[in-house]
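Take a look at the structure below.
Chain lettering (A, B, C and D) follows the sequence in which the chains are written, and residue indices restart at 1 in each chain.
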Amino acid sequence: MAETQMVARHIPDRLEGRGARLVKSWETLLVAVALAIFLVNSFASPYFLDPWNLSDATFNFTEKAMIAFAMALVIISGEIDLSVASVIALTSTVMGYAVQLGFDTPALVLIGLATGLLCGAFNGLLVTGLGLPSIVVTIGTMSLFRGLSFVILGDQAFTGYPASFSWFGQGYVWWVFSFEFCLFLALAILYGVVLHKTNFGRAVYAIGNNQTAALFSGVRVGRVKFVLFLLTGLMAAVASICLTARLGSTRPSIALGWELEVVTMVVLGGVNILGGSGTIPGVVLAALIMGMVTFGFGLLNVPGIVMSIFIGLLLISVIALPILYRRFRGSR
Amino acid sequence: MLQDTTTSRMKPAIALEGISKTFPGVRALSEVSLALYPGSVTALVGENGAGKSTLVKILTGIYQPDEGSIRVDGAETHFPTANAAAKAGVTAIHQETVLFDELSVAENIFLGHAPRTRLGLIDWRRMNADARALLARVGADLDPSIRLRDLGIASKHLVAIARALSIDARVVIMDEPTAALSHKEIHELYELVDRLKADGKAILFISHKFDEIFRIADRYTVFRDGRMVGEGLISETTQDDLVRLMVGRDVGQVFPKQDVAIGEPVLTVSGYRHPTEFEDIHFELRRGEILGFYGLVGAGRSEFMQSLIGITKPSAGAIKLHGEIKVIRSPAEAIAAGIVYVPEERGRQGAIIGLPIFQNVTLPSLSRTSRAGFLRMAEEFALARDYTSRLDLRAASLDQDVGTLSGGNQQKVVIAKWLATRPKVIILDEPTKGIDIGSKAAVHAFMSELAASGLSVIMVSSEIPEIMGMADRVIVMREGRIAGRFERAELTAEKLVRAAAGIEEAA
Amino acid sequence: MKVLLKNREMLLVVAIALLVALIALRFPPFVTPRNLANVYNDTSILIILALGQMAVILTRCIDLSMAANLALSGMVAAMLNAAMPGLPIPLIILVAMALGAVLGAINGLLVWKLDIPPIVVTLGTLTIYRGLIFLLSGGAWINAHQMSDAFKALPRTAFLGFPLLSWLSLVIIALMVVVMRLTPPGRAFFAVGGNPHAAVYTGIDVGRTRFLAYCLSGTLAGLSGYLWVSRYAVAYVDIAAGFELDIIAACVIGGVSIAGGIGSVGGAVLGALFLGVIKNALPVVNISPFAQMAISGTVIIIAVAVNARAEKRKGRVILRKAEAAHG
Amino acid sequence: ETKKIALVVKALGIGFFEAANKGAQEAAKELGDVEVIYTGPTTTTAEGQIEVINSLIAQKVDAIAVSANDTNALVPALKKAMDRGIKVISWDSGVAPEGRSMHLNPSSNPLIGNMIIKLAADNLPEGGDVAVLSATATSTNQNTWIAEMNKVLPNYKGINVVATVYGDDLADKSYRETQGLIQSHPNLKAIIAPTSVGIVAAAQAVTDAGKIGQINVTGLGLPSEMAGHVKSGASKSFAIWNPIDLGYSATMIAYDLIGGAEAKPGAELKMGRMGTVKLDDNNEGAMADPFVYDASNVEEFAKIF
């Protein structure tokens, strides 16, 4: 009876085709920026287009990008983890300590990953268990984790990592493709699938857009967030293994200031810092862009701080551009 | 002197001409004209998403129209900000309460136009005194210096009304002002409207409740799909005429309750209590039954319902589902057990603004549309299409952000989301709050069908006609306790009101 | 007592008093009035900066570029002084404040006009402002001997027994109390952060209010730039690097809610003092310098946890009986 | 064709290294066919230096002369450089032997260790408490000098080293650490800061605390930065080698290696106007003795570096 009033109006699934959506997407903008930088670099320095040089250059971003993947998920869920660089330091310190006790490579890796997970769990507990704002919690643990590493190491350094360990930071899988770069690619695909193709990824978006409604909808908000913090801890540990292996030594000041670079990478990749949106391809592109910028400037011997001006400008302008464009179009 | 009720000879206090407003993908208003007259109440009615609130926002300087003009006393003006509108004497009580939890009541009333000392600094003492006077005018006995967050929802609404009156206005707009108020407060509001009218204010009154429109309005204007489709004097129209104008067709029975054979007990709740929110709650819900929960706003119904799905933790009590004891610690477990809750606060608890419609609908059902934890978009679209079309959703596409829908259409998405989980027990908390009459009928019909198909329904409602029309049985709550139980046969409005307000049965 | 502990400011006062008492047990000279005055003086710059940051955080924004702004303004002040030693100091201070205000205004404009999230804007300008110092100075340091005596003397000059730096911070605290409590923009900071959506309906321009907050924080950062450079008698690219986190930590410890809308001048000042006491006390009580960082981290976490407990709203009381028990 | 020699410093913008660059440029002019690339990270981190070294490898420079932020961390990167035919030496702050062909110490470490404690002791005939203000806890050269100083400490009767604190080569942190020292050690007679940043900050803190005459600040500093403090009496004397000479010598040695000289124990490498340097068993050599500055000569050198 009432059925008659409910004549279904047809609602199409989507208004725009896949192509139209792709053209308008953030990633397209990033691809354009990346291509431009690639071209400029190729013209600016004769050394740029050399496979080995490019391969060396990947080390400028691979470790940071690994963390950026997990960080992207955390930021999409509406939280942030500023302690990642300090987790690197603490993980590296604990591994260095384990070396002194005579552990070998496989054990070192396990110990490293476990330390990262513990740090992540600590952040996760404070954020989800006690309900504290993550930005503040991780500012605190940022000091705490690196501080612990200072307590353990003081003015010393841990060295003497086993030769096999150095493969993680210096080894090559095939030709110019280093272990780190291959790991970076593998993780990019893994995180891309997790975020875009699984229920877990959908839950991350739902939480980032409306945490309360997600909870009411049966998303286990606390558990998902906890897992996300575990993941950043874990990825920081992976990055720490690579970095430690690359440097062959541990100082408490290792990876100082990386947290802001990682966040910059994520945001440049189009992840909304307020949560709710963003993609892994965007983060991958941002990592490539930042790597190419630092390498290109490096070839011209431009001081790092001048590169950072450029990254800063790039960050603001890449975000401002679509806004300005929309406004410009809207005004006519 | 006699009050002049025929406004035709008077000059409008404010007049809108040819106003259009387009949002991305939606033409909210097209070439709308409206005039408000001093000393007269104009009711604005229309389905959800007809553009009523958009018009209010244009009148108060929050949105800018794309086309058209606003004339105040015949002179063309425009309102670039809310301040400009206030200066021109336009004030509004908005549909959402837009207040500041952390600020004091007085400041909430005077923020932006606080009394100043000679040095130009804020004069707190005068502000508090003035606030007290205004609160008295709207019948709220509140201390102006307490923080707003310590107030109940109804009191907050009274503060919003006081704020609107703090501006010396000639035009007063009220967008569904009674939605959050209880019986007594609603009547005080009617009196206030009468007084404002007597003071010569031009009033625009938006409501989905026809009884109140016919109680206080002099004129009416009807919107449909962003257009003005009719206006005139209330005294010359009927409810049926208005409804027909609104939806462009006849609406059948508003409360189409089917007779359903009530089956075995499905859900048994016993000894539920919480230290501060509710206590001693027990009842049984049977198959095919619609159990109404009536009470005044703030009676604790929502809190109790949320404890059933594991949001608030009860300190004691047990649930039996089909005779088996179930422990539910989270909404996820509730959904798995087949108990779902359609929340009352749509914006905060229901819709996930920022996600597309189809993802909203499938969120609690992902385990069904996915395989081994991997999403399958085609299944998701199919599920979303199925349930949204049953509720007659109006949207441009299923890929559209729910945030771009009108309130009523958002509510449909939220209901679709819960139905898609194929629950055994569905708890609907104020399912038709702020929904237009057409959609309301659809929701009621659907509820009735759900019961007929063997579902058990709990319906929380503060509207007596809805409770009387739909419920097989009614439980009345007051201050966190059950204050009365009624079978359908013995229901009267008076009994409900007495139980809810705690008035003893006249001996 | 219970009432006292409910008030966040009182809680902090008690915590600071306990902390000082604890330090006094190990090192009595710490509590001499002279030394406490020194600790205050040493914390003055942090207090000034925390007040600026508080205004910004209240509006639901954040200013990560404050320390970079300080460094740039300080460098410009020092370079001006080195180039033209005759320039009157008040003029230099004005220039530093004006430059700080401009840098703050840039943040504010980007947030206001382009709607870029504040954390992104200030993350970007943080690196840009630091880079500008490098471009401006070529990386060179300005050392004590290049600065005029008057330039270095101002914050140290004693007035009624206390250095001008301390007095200046007191004046700024007083001004901020007036601004935050008694002026419309001050109240607007609370409103915009508390409920930006509602602020629009109230006729408050959310963007402009945020812009004002950034200008305020920028001006205070500029002032602090001069103070820092003259007090430590050196200017180089990296001064106050990482200090932005100390500033935010001070606010957080002082109960300024990172979600906006909640906070007070007293809280921010006490939060800064709490950090100041710890920073000054650790070296004197002979705690290994390597433990300092871990301790400040722990303090921040505990402070947030305590503040969150205080902020956590008790559920609405519906039951009559329960209400009576609570009242 | 011109040879490219990269002078990699701990961080750009530090006066000491800017002066070293002057020396390197002087050497380049003298040699004629050398281009000096003066570079470094902007903060004193090993990771920053590695990025810089990677881009130098990519540019195929002929030699890298580095003052390291970390003894060990640079080794893999520098090894790679050597593998690709680049000559690598370290100077000022050294790299572990596997990562370089030789290391040029500005002076011999034992001499410096002795010098800094002697400067303090000479002004304390009756002995007394002294404290050390170092740079970062990880700086190689600081730690070596302090260790050398502690070795010869027994020779100086009555001198007690009561504390070692770290100012991280940050002016403000050094300042605050000095304040802490002054408070916690009321009998402090001297502060030894073997770092150009620390010594200035310490002198400033002593001045501000009104302790001129009671506490003598000494250590290693640049005349231009310390002139004022010597004049005020906060520092009676301090020492430093000439950074211009150091940069000059590093460049000359790198050039010598490019030209085919071999760095092995006992070898003598040419340093232009500075003569030659003889390598020890670790392939390390010392340039010259540190030079002491006091009220009598500081003004004159302040004009130079």
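Everything that follows uses one rule, which is that a residue touches a chain if its C-beta (ideal position, glycine included) is under 8 Å from a C-beta of that chain, and two chains touch if they have at least 3 such contacts.
None of the values given here were measured: they were computed from a predicted structure.
Student: Following contacts chain by chain, what is the lowest number of steps it takes to reach chain D starting at chain A?
Tutor: Shortest path length, in steps: 1.
Student: State the pair with the higher C-beta contact count; candidates are B-C and A-C.
Tutor: Per the contact counts, A-C leads.
Student: Could you put a whole-Å number on the gap between the CA centroids of chain B and chain D?
Tutor: Chain B and chain D have C-alpha centres separated by 74 Å.
Student: Would you mind pulling out the distance in Å between where the CA atoms of chain A average out and where those of chain B do?
Tutor: For chain A versus chain B, the centre distance works out to 43 Å.
Student: Counting only Cα atoms for the centres, state how far chain A is from chain C in Å.
Tutor: Centre-to-centre distance between chain A and chain C: 30 Å.
Student: Would you please write down the residue numbers of chain D that are in contact with two or more other chains?
Tutor: 12, 42-43, 137, 166 - these are the residues of chain D that touch more than one other chain.
Student: Give the residues of chain A touching no fewer than two other chains, as numbers and ranges.
Tutor: Within chain A, the residues that touch at least two other chains are 150, 154-155, 252, 257, 303, 305, 308.
Student: Out of chain C, which residues touch more than one other chain, so two or more?
Tutor: Answer for chain C, listing residues that touch two or more other chains: 134, 139, 237, 290.
Student: Output every touching chain pair, sorted by label.
Tutor: A-B, A-C, A-D, B-C, C-D
Student: If we count contacts the way the header does, which residues on chain C are in touch with chain B in the complex?
Tutor: That would be residues 178, 181-184, 187, 190-191, 194-195, 197-198, 200-205, 261-262, 313-320, 322-323, 326 of chain C.
Student: So in the complex, which bits of chain A are touching chain B?
Tutor: 1-3, 5-15, 197-202, 205-206, 208-210, 212-220, 276-277
Student: Under the touch definition given earlier, write down the residues of chain C that touch chain D in their complex.
Tutor: These residues of chain C touch chain D: 27, 29-30, 35, 38, 42, 134, 137-141, 143-145, 156, 228, 232-234, 236-241, 279-280, 282-286, 289-290.
Student: Within their complex, state which residues of chain C touch chain A.
Tutor: 110, 114-117, 119-121, 123-128, 130-132, 134-135, 139, 237, 242, 245, 248-249, 252, 258-259, 288, 290-301, 304-305, 308, 312
Student: Under the definition above, what is the set of chain A residues touching chain C in their complex?
Tutor: Those residues of chain A that touch chain C are 126, 130-133, 135-137, 139-148, 150-151, 153-155, 252, 257, 260, 263-264, 267, 272-274, 303, 305-306, 308-309, 311-313, 315-316, 319-320, 323-324.
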